[in-house]
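Shared chain: subunit A. Partners: subunit B in the first complex, subunit C in the second.
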Partner chain A sequence: MIPAFIVTHSPALMIIAPLVGAFLSPFICRISSTVRSIWVGGAMAVTSAIALILALNVYSAGTRLYVFGASTASAAIPPDSGGIPIRIIFEIDPMSALMLVITAISGFAIIVYSLSSERSHTGLESYYTLYLLMITGILGMVSTGDIFNFFVFLEILSLASAGLIAYRIDGGVAVEAALKYFVLSTIGALAILVAIGIYYGQYNALNMAMIAARMQFSVLDQVALVLIIAALAMKCGAVPMHFWTPDAYSMAPSSITALLVVASQASLYGLFRTVFTLYNVTLNAATVGWLIIILGVLSMVVGVTMAIPQKNVKRLMAYHAVSQTGYMLLGVGVGLAVLGNQSLLDAFGYMAMEGGIFHIINHAMYKGLLFLTAGAIFLRLGTYNLNRMGGLGHSMKWTMVFFVIGALAIAGIPPFNGFASKIMIYESVFVFNPLLAVIAMVVSILTLASFVKVFHSIFMGPALPEYSEVKEAPMPMLAGMGILAVVVILFGLFPGIVVESLIAPAAHALVDQGAYVAAVLGGV
Partner chain B sequence: MDPTSTLLTGAGYWNPLAWLLGLLVAFIIAWLIYSMGEKGYKPGTAQAEPFISGNKEPEMKGEVHVRAGNLYWGYLEALRGYYDRLVPLHSGNLHDYILWYLGITALFLFLVVIFP
Partner chain C sequence: MFWNLPLVAVVTLILIALAIIVFKKNLIKVFLGIVILESAVNLFLITLGYREGGIAPIYTNAPPATMVLPTPQALTLTSIVIGVATSALLLSFAIIIWKKYGSIDIDRIRRLKE
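Moving on to the complex of A and B:
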């Protein structure tokens, strides 16, 4: 049985574990490579376990409130605060819990992979410190109920991500990619900070539930909404603010690229949390919903069409990540567009949202898997150039199997998980607007075409003489890929159970602003 | 909870286990057809060589592998007008990236304030 102390304090422990792991890594990682592996692997394993315990607790017992600096969650509003929750509060509802599950699984699989993929590189104490800080940032962003605290975790995530994008230097090209990411992230974060200032100036509060309860949707609120939407849409790689994505994704180590996918989804979570929880029906759902839908459609189309001519496998996959983000924006955008209309929400809005949210976790798994396979290929070949590859199916059979699983999943081929979420999006979006569904299906076909090219280029054909010495990827890397592949298959084979137990509660929690507010303010 | 994990999709449903069963039946039929094929094939002879439109297989095996750069040439040629406009937007210039971000923010601000 899990000790009650761990369950009670899991929101705090989930942040403390990677932080302690990160800050002690520079010292402990210098002892020996074995000690380093045990330390960082253990820190991530503990973090993942706590995050999963917390998520399980939320799914079984409902939304969790954790008030820092108070002995109990019922002390969210101190008696002398004028009715305002001034302490930092973590509020973990099923939507947050879903993000915890994604981070826990991906974070653990990627660190298992990293233990082998990064072994020959120097500066690993910095690598693992920043890796664990990224995990801290993501977990904090998806758990906090305080908007300034969200900004702090976003900054932790951005700083750590920029450091890791530049990790391999690569003649300065990786550093340039990191600089682009860092400058754009900083401008976006400043915009979010201005929005937070607007909320604080108007409502005298930083707690999201409190701001939601007092939301007037004044002109200032509209300005704040746009600042947050644009910044977080840029951070999650939505077209036409996606330009940093292929640069950063292709230059970061593949393990980090897989984690950057999760980081982008944390920004997507922030976007959805803002429009649904902070604003909900106070905003013009049709206007904002259509803006998000248009971002989604542009991302799908531009992402996939830019992917097809790419010669660098990581840039190609990065453009596909942009394209897949479009599906999530489309699904949830349709839900938002009909937010004020309960009958339309019941008819197809919830289904579209569930499809979009299901696609978030599916994408994290298969796209993470694909980036890890690209890293395994780079480890053995020393190139990402598709024109120089071929015949690896003879020597890297397991990597090929994992690639095929990821490629079929991203292309929406049954019975893999990508198909399940895409069919939910197609059918529900078709009722809303048939043209959008047709575009989504065409994008899937182009995705399949693109990955057929990649599969042929890398794995098909005769064994090439220049790669006659190439061996399969090391076991820990295969194990990391294997974890994600198993999730892709299981989520594909049992989509009904996943949607019923993980996805539908998340979608309903996102829409139910009243429950989020009441958890903190007690029905005020 | 449905143990077969049928997913209701609004207009219909999706059951991967039933689909896999169908796939299994298709594989069995394919195998039966395959098993009725010619069994007199001799490994190590010309029968086992790849058929490349009647040409002999070149010594340098890499030459028969169609590389990524040669794939989808027709698609890219047909959409050259689209790509000629789209690709240059991805300039790699940070100033352009920032301008796009600020431009979209301004556009959204205009739309949200006009249609609140």
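Moving on to the complex of A and C:
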């Protein structure tokens, strides 16, 4: 059905498609707005399709290795290289495949939304160029097996994101937010580069599997670990390095905010990949595990308490994004804390990790949906201020339905997907430490309270006279939101199937360092 | 015998750069701090690949001698290119900030908070 050529070369095509789309759009988008829509929509659709084909292939046939500059994957270690994989290698295991699925679905839904939401703005060819570059960065980050390559894709992602955050200059305020984000992420990226230098100096390798196989956990490795955790925790918006999140998320166009959520998840993936694959049992699992748990709990509590008093609907949602990131850190942190102890891992460790990883995909879907509804409201009303909204339930019925779906999912109400992952986190974390589970539940209740308030002030009440002209959001925007809403509902209705087929393989792949290393060094 | 000297320079440069980034109020000076930080990291990478008395790693007509490692040089080149893109974007932000705010003093770039 699918040509073998595409399946074989999908890791390379997945990067080539958005790059070609990005660099040709400045020319092609000038022809006409219809051509522009077809071109960028087509480029993103092709990218998503290839990413999904690759993910499907990984789930059915196991970890995929793609060696750039060689005809077969078995050439990962050239015979004359002295046993070091010197080529750039993409290694896609089920964890990477899960991130590919997230990026493919969100990326496609958001570009459908953008086609209509950004229509009235100028400079759209740059918008789509940067959009596709962001997609390239995310896809590259989650599939690469080479740590320097990871840094390069991280920088592509940061540059494109910063440009897009500043896209609506907005009297300079958006540029201020982008500046904050970009200065921080540049310093973070340089910290990662120092860590890469440290690995290279010690192990003569840049390949993650090679470094993992040679890992000694010396003092220098601890320095590198601290640098990477600090940089990536900052990039994914965990407290105490979260202060760029509300600014950047609220000033970016809503479609970009939804994609920034996915970008944060890619940084989170990098964090987990470093901790689990590079270090795994060599590090003091309990200490680092607790460090990540504490980061997670702080993010949950600080995020939600900062969210409650916000007046700007996107700032409020951004603080909730910080808070939800905490759940993922908590779930996976608990898994890390019991790493190396097989009985505890089987008892609740895997379940906690599955909950955390399941929450990553769920969060990308419902938070993306919420930001998109905020964008639809902004398009019609021209304000994000909650105090100036009201009575929109009369005129924007579909937007309201999507908002309710997203709000109930983020608050963890059944039968939506947020509940499915949160219940896994509660149950497993309760066995590990009851206090943490209680905190997680309280945060969830506060989230619900906050969204009930938002829902009430946006949609309830009599129709306001100043918004009597307000119409429903245009069709492509509703379609974009609809894609995400359907995923939210399906994942909530059939969590068992999703966990079994998508999440559990990802969690096991993350824990199983040996398999990751063997895929490269074993010459598979 | 002075093998550690470049590493001392790296650490000194990183500290200077961080001090500039944290304490300077002028946006352009902060950007210069970031550029210094980048250079420090590049110097670190190059130092890792240096072998005493090594020659350039070009195999054609190479005399039989120790070569320096080519990989860190390739990394540095990539890192320099990324650094150019970074500086360009930062400076273009500075231009817009100057146009819109009439100042590049960090204490005055505070409209987000309001």
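Rule of thumb we're sticking to: the second predicted complex is superposed on the first by the 522 of 524 C-alpha atoms of A that agree within 3 Å, B and C clash if a C-alpha of one lies under 4 Å from a C-alpha of the other, contacts with A are read in each partner's own complex, and residues count from 1 in each chain.
In the analysis below, a residue touches a chain if its C-beta (ideal position, glycine included) is under 8 Å from a C-beta of that chain, and two chains touch if they have at least 3 such contacts.
Everything numeric in this text was worked out from a predicted model, so none of it was measured.
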Subunit A as common anchor, with subunit B and subunit C clashing or fitting: fit
Partner chain(s) touched by A:Gly145 [first = subunit B, second = subunit C, both, neither]: neither
Partner chain(s) touched by A:Leu179 [first = subunit B, second = subunit C, both, neither]: both
First (subunit B), second (subunit C), both or neither touched by A:Gly480: neither
Which of subunit B and subunit C A:Pro94 touches, first, second, both or neither: neither
First (subunit B), second (subunit C), both or neither touched by A:Leu159: second
Which of subunit B and subunit C A:Leu190 touches, first, second, both or neither: second
Which partner, subunit B or subunit C, touches more subunit A residues: B
Touched partner set for A:Asp247, first subunit B, second subunit C, both or neither: both
Touching partner for A:Phe217 - first (subunit B), second (subunit C), both, neither: first
Subunit B and subunit C, minimum CA distance [Å, superposed model]: 6
Residues of subunit A contacting subunit B in one complex and subunit C in the other: 179-180, 183, 187, 247
Contacting residues of subunit C [partner subunit A, same complex]: 21, 27, 30, 34, 37-38, 41, 44-45, 48, 71-72, 75, 78-79, 82, 85-86, 89-90, 93, 96-97, 99-101, 109, 111-112
Complex contacts: residues of subunit A adjacent to subunit B: 179-180, 183-184, 187-188, 191, 217, 219, 222-223, 225-227, 229-231, 233-234, 240-241, 243-244, 246-247, 283-284, 287-288, 291, 302, 305-306, 308-309, 311, 347-348, 351, 386-391, 414-415, 419-420, 423-424, 427-428, 430-431, 449, 453-454, 456-457, 460-466, 492-501
Subunit A - residues contacting subunit C, complex: 86, 148, 152, 155, 159, 162-163, 166, 169, 171-173, 175-180, 182-183, 186-187, 190, 193-194, 196-197, 200-201, 206, 247, 251
Of subunit B, residues touching subunit A in the complex: 1-2, 4-12, 14-17, 19-20, 60-62, 64-69, 71-72, 75-76, 79, 82-83, 86-87, 89-90, 92, 94, 96-98, 100-101, 104-105, 108-109, 111-113, 115-116
